[in-house]
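The chains carry the letters A, B, C, D, E and F, assigned in the order they are written, with residues numbered from 1 in each.
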Amino acid sequence: MQPGTTGVVVQQIDRAARDVIDGLAEMGVATVHEAQGRRGLLASYMRPIYSGARVAGSALTILSPPMDNWMIHVAIEQIHDGDILVLGTISPSDAGYFGDLLATSAQARGCRGLVIDAGVRDVADLTEMGFPVWSKAVCAQGTIKETLGSVNVPVVCADELVNPGDVIVADNDGVVCVRREAAAAVLEKARARVANETAKRERFKAGELGLDIYGMRERLAEKGLKYV
Amino acid sequence: MQPGTTGVVVQQIDRAARDVIDGLAEMGVATVHEAQGRRGLLASYMRPIYSGARVAGSALTILSPPMDNWMIHVAIEQIHDGDILVLGTISPSDAGYFGDLLATSAQARGCRGLVIDAGVRDVADLTEMGFPVWSKAVCAQGTIKETLGSVNVPVVCADELVNPGDVIVADNDGVVCVRREAAAAVLEKARARVANETAKRERFKAGELGLDIYGMRERLAEKGLKYV
Amino acid sequence: MQPGTTGVVVQQIDRAARDVIDGLAEMGVATVHEAQGRRGLLASYMRPIYSGARVAGSALTILSPPMDNWMIHVAIEQIHDGDILVLGTISPSDAGYFGDLLATSAQARGCRGLVIDAGVRDVADLTEMGFPVWSKAVCAQGTIKETLGSVNVPVVCADELVNPGDVIVADNDGVVCVRREAAAAVLEKARARVANETAKRERFKAGELGLDIYGMRERLAEKGLKYV
Amino acid sequence: MQPGTTGVVVQQIDRAARDVIDGLAEMGVATVHEAQGRRGLLASYMRPIYSGARVAGSALTILSPPMDNWMIHVAIEQIHDGDILVLGTISPSDAGYFGDLLATSAQARGCRGLVIDAGVRDVADLTEMGFPVWSKAVCAQGTIKETLGSVNVPVVCADELVNPGDVIVADNDGVVCVRREAAAAVLEKARARVANETAKRERFKAGELGLDIYGMRERLAEKGLKYV
Amino acid sequence: MQPGTTGVVVQQIDRAARDVIDGLAEMGVATVHEAQGRRGLLASYMRPIYSGARVAGSALTILSPPMDNWMIHVAIEQIHDGDILVLGTISPSDAGYFGDLLATSAQARGCRGLVIDAGVRDVADLTEMGFPVWSKAVCAQGTIKETLGSVNVPVVCADELVNPGDVIVADNDGVVCVRREAAAAVLEKARARVANETAKRERFKAGELGLDIYGMRERLAEKGLKYV
Amino acid sequence: MQPGTTGVVVQQIDRAARDVIDGLAEMGVATVHEAQGRRGLLASYMRPIYSGARVAGSALTILSPPMDNWMIHVAIEQIHDGDILVLGTISPSDAGYFGDLLATSAQARGCRGLVIDAGVRDVADLTEMGFPVWSKAVCAQGTIKETLGSVNVPVVCADELVNPGDVIVADNDGVVCVRREAAAAVLEKARARVANETAKRERFKAGELGLDIYGMRERLAEKGLKYV
């Protein structure tokens, strides 16, 4: 399906294995981003509405017309347990496309959160419900239900292309997208990275220096660093 | 009184009934904004200095010259129990017009909070005092006391015109202004809306879909939505 | 050492007395900024990654090339107990120059926090560790280690020049820089200011007005303020 | 008519005298802004689509719903020769509400330009037609015609309240609004200011210093300025 | 080829017919955007470095690592006469990835312009050469040549997905992307639109109103518009 | 003199040789920035008020209090023929600190332009006078003359430290600062760079590729670039 197509709901999408997704959630955004070669990071203006959530899920993508949230209702029917809604807009907006009723509906169907390149409202309720959202804005301005977009076509969200079924990982550091086919391999690399970092962390805690742990002194000297 | 007039303090303003104001606080910003036909919302850059406050009060308006907070002292004398200070500036600024001493003074006279299209400081103290502020910025830069503005004239605050005595509702979603004369009617509509939403929420929780609750399927089909 | 010099690590810098530094921390940013004549405040886009920290320390300055955090490793070796890392960049960036491993290393050597005119990542970990950071952005995007910058040369950080050994004070209101030589005098003025404010706060709490406490009524009348 | 009222077209508005309006155009924005006591300036993000235009006219105000330009068609019927369209939105948007067809229509009826707190498109055509626009954005994204706003009610445009019939002056420096009733007096003050500046300009050209022309040296010395 | 793939140069891409491309250039951005159903518009922060250029060409896409312009050299070898370079970055940057030498090289090979979601420099030279650029920033800061990206893979540029071979149309209003397969049909619709607009323009010039030309009066009355 | 010092006018500053300064002007900002190792570039938000100016001069620095332009008058007396005024503010502002009268005065004394980390007004007049300005904003809002700043102390301007007497080069690409002591050496390197580029430009014009001119093919292959 061409990115940007409107008027279409794709009902069957492939998803990554649940244990891979859950494994990626544990790794967190920064580690996953590194493990997959520093790609897939959404723009840093995407911020969580509350601090502390760390989730991963399969992207259920939504392409929305300007200030129109109709497609979210359509998308909710397509939710599988463990999905994360990912909404991109055809034209930029800070309006509040999503609030507590939609969250109640999505949560009831197993949705783990929302990543939206627009605004969200009822954030006090969403916080209380434990429904995490990463958004560009918080804004009470409502939207309309007039024009078709699509569900489960590739969408651009916060400067990044997200395909339906890609794995989304989100925490306090932001949001990263992992291609579905790469998810298992990325998890493996992320775990190796974490293992390596755990060992390093102990040495750092003990007061060792990165200069020594990583053997940087020689290269710094070669580059001409002068201690005065 | 013409908006933008300087050098004037209006001492008598009409206020909405206390129970109407308190009722609007319970409704919250998003509901009130919807209930009054999606108008009156301040720009979404207005953010609370701490999470969780939800207040309503009568607008005691302040028009301030650039980087000059003198009029806040003048305004505090005019506070009636239950008022919210609403400050607009003649020229945009992020400076900290307001801090803990002014908050102590305002709170002592019954003020419920501050909505300021500029900066605020001492936010740790304000948080501890439970004095909520919605502002454009947090900034320690102080202001001066040299030039007259006005108190209780209509002011533009964060893109919205606020009249003295209008009802201000503010929570995590932002700030909305309700015309004083409309406040009781808006409260009634808001309550109807909440009642309606409460019923809907239960159905959503039970797994029903918005597509069915709102009967959207037919209209979506008419618009040409295709399931593939 | 000329500001902007690269390729240099200055190992010996003068620091202010510990009790002066700790005294300034107690005063907080807004008070210190006022006490030193309203200078030294970093741009208000510098925000804490978590709420509630209030620290002061000696500036250990880092000048970093674009998207390159190599010099942070070099800087950590130079940390003395009670220092705060202050990082300015040669070219603006929101990338995440600093994360939990570097924080572990810095904290192990007595570092009290980081002030960085760029991005930071692993903020959930940093929050849990109690390692406070004031930054321009939160961003998982990593950096490289290719090019030399400098350590302990004067740097521009968030529009303000910081010299190595200057005292940095940071809290919820932002970050202020106090010249090392002026630190003791500024502390004294800050304490006088606080003492004065404490007395005033009691009067405000009791309901007295700033108009009377500061004797503003006459000057307002002279300026032509009209009560209607 | 209450600001923010929707669904209303006010057909009769008072306008300032044509010679006053034309006189204000000659004065330019900065001079007019000073002459009326530094108020009425629209936010500095309002920029001309081409350089060099300097116009004044009577404000024909438009209040537009989000991404809806229907009311512009309604407004054009109300244009009197010499008017300037001033559009404020109920919710912020960068979309292109106005293009060359609307400009052709407005120009045919004597409209002198557009001030719009949103986006504009077809700017190459508008430039060729000599139809000046001051806007927040240039954007090809179109709008819809679904919801009522109002014509000739007070509107907030770029942080400033504009009443129908107020005089708008716009040039490369931005846009300023002069209350209709004050226009003649402001023009007089602006002319006095220009006369005074013309004399000063000659002295500056001849190399005299502001320090001497304005007699600043003594006051600077009193404030403690030191020459070293 | 998966969007975001690095380390790959696709040498053979399909392009739209030259006369279709040239036809789209004549239509301009706003018309093309409308003709294809209001999609494909790049973010409005993309501005031309000089006024007046209107071009269309086949997208030769470049995916660039942070602050690294190496792939532009690789891309230039792939230029066919009539191409437009379209550069997306893996991480956002305002640095100047492109200047007069690269423009000389690209122009020598038939390139019609550059669309870059980053910075550009030597803009005076580029203007003199008549090499049009639409960019996010003008910035003299140079980049490096260290890391591989890709050429002719799909890229996200200014919030829009661009496939290699898509038709790019750019003028003073911004930049729009037309899917290659849809280009001929979009041109046809655009021409119909222009023909229709030309007829309308004459009527507007003659003073007819949109209210009458489009028959809006009845629907406005139904919605409840009141003339007072 | 400590950066940030207020209340001081330094009357004697060293300047670079005139022919060096004029030589740097010819080189332009991007070349000078490269030639001095990619440092000294002011933030890219600094834009010229009109296109096409390219100047260099000795920095006559001004440190200004918030919204106060008094020190500009003081600075003008200190102008030597060939100087450029460089204004940094103690607190950020978009207000118009500078207009046509000050420009007339400065130009009469040999000033070549203004670089101001704030706003400017009367830009149509300044353009007509041929007095170039690089600024953060264009804004008609005036300033006051109440508080002392300094003249010819080091100032932070648009994220960069500028010392009095440093050489400022400014053109359409932005503004770069060259340390006075380094100016001659930087000019030499810039000239070598230009000579080298001139040769390269001819080869590019003739259709040669950067891949061959710079011998990049082997290194790209080593990094793993695949042509498909």
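General remarks:
One rule holds in what follows: a residue touches a chain if its C-beta (ideal position, glycine included) is under 8 Å from a C-beta of that chain, and two chains touch if they have at least 3 such contacts.
Everything numeric in this text was worked out from a predicted model, so none of it was measured.
Each step here moves to a touching chain, and the least such steps from chain C to chain D number 2. Contact with chain D and chain F alike is made by B, E. The chains that touch both chain E and chain F are C, D. Note on D-F: its contact pairs, compared by residue number with those of B-D, E-F or B-F, agree for more than half at E-F. Superposing chain A on chain C by their CA atoms means rotating through 120 degrees, a value rounded to the nearest 5.
Shared numbers divided by all numbers used gives the overlap of an interface; between chain D and chain E this overlap falls below half, so the copies present different residues.
Spacing of chain A relative to chain E, judged by their CA centroids, is 28 angstrom. Taking the mean of the C-alpha atoms as each chain's centre, chain A and chain B sit 32 Å apart. One inter-chain figure worth recording: chain C and chain E are separated by 43 Å, centre to centre, where each centre is the mean of the chain's CA atoms.
Residues of chain F found to touch two or more other chains are 38, 41, 44, 91-92, 94, 141.
Pairwise chain contacts present here: A-B, A-C, A-D, A-E, B-C, B-D, B-F, C-E, C-F, D-E, D-F, E-F [touch as defined]. Against chain E, the residues of chain D that register as touching in their complex are 7-11, 50, 70, 73-74, 76-77, 94, 96, 99-102, 104-105, 108-109, 119, 121-124, 127, 137-142, 145, 147-148. Within the complex formed with chain E, the chain C residues making contact are 66-67, 91-95, 141, 144, 146.
Within the complex formed with chain E, the residues of chain F that make contact are 28-30, 33-34, 38, 41, 44, 47, 51-52, 54, 171-174, 176, 197, 200-201, 204-211, 214, 216, 220, 223-228. Listed in rising order, the residues of chain E touching chain A in the complex are 2-4, 6, 37-41, 43-44, 90-92, 154, 156, 159-161, 179.
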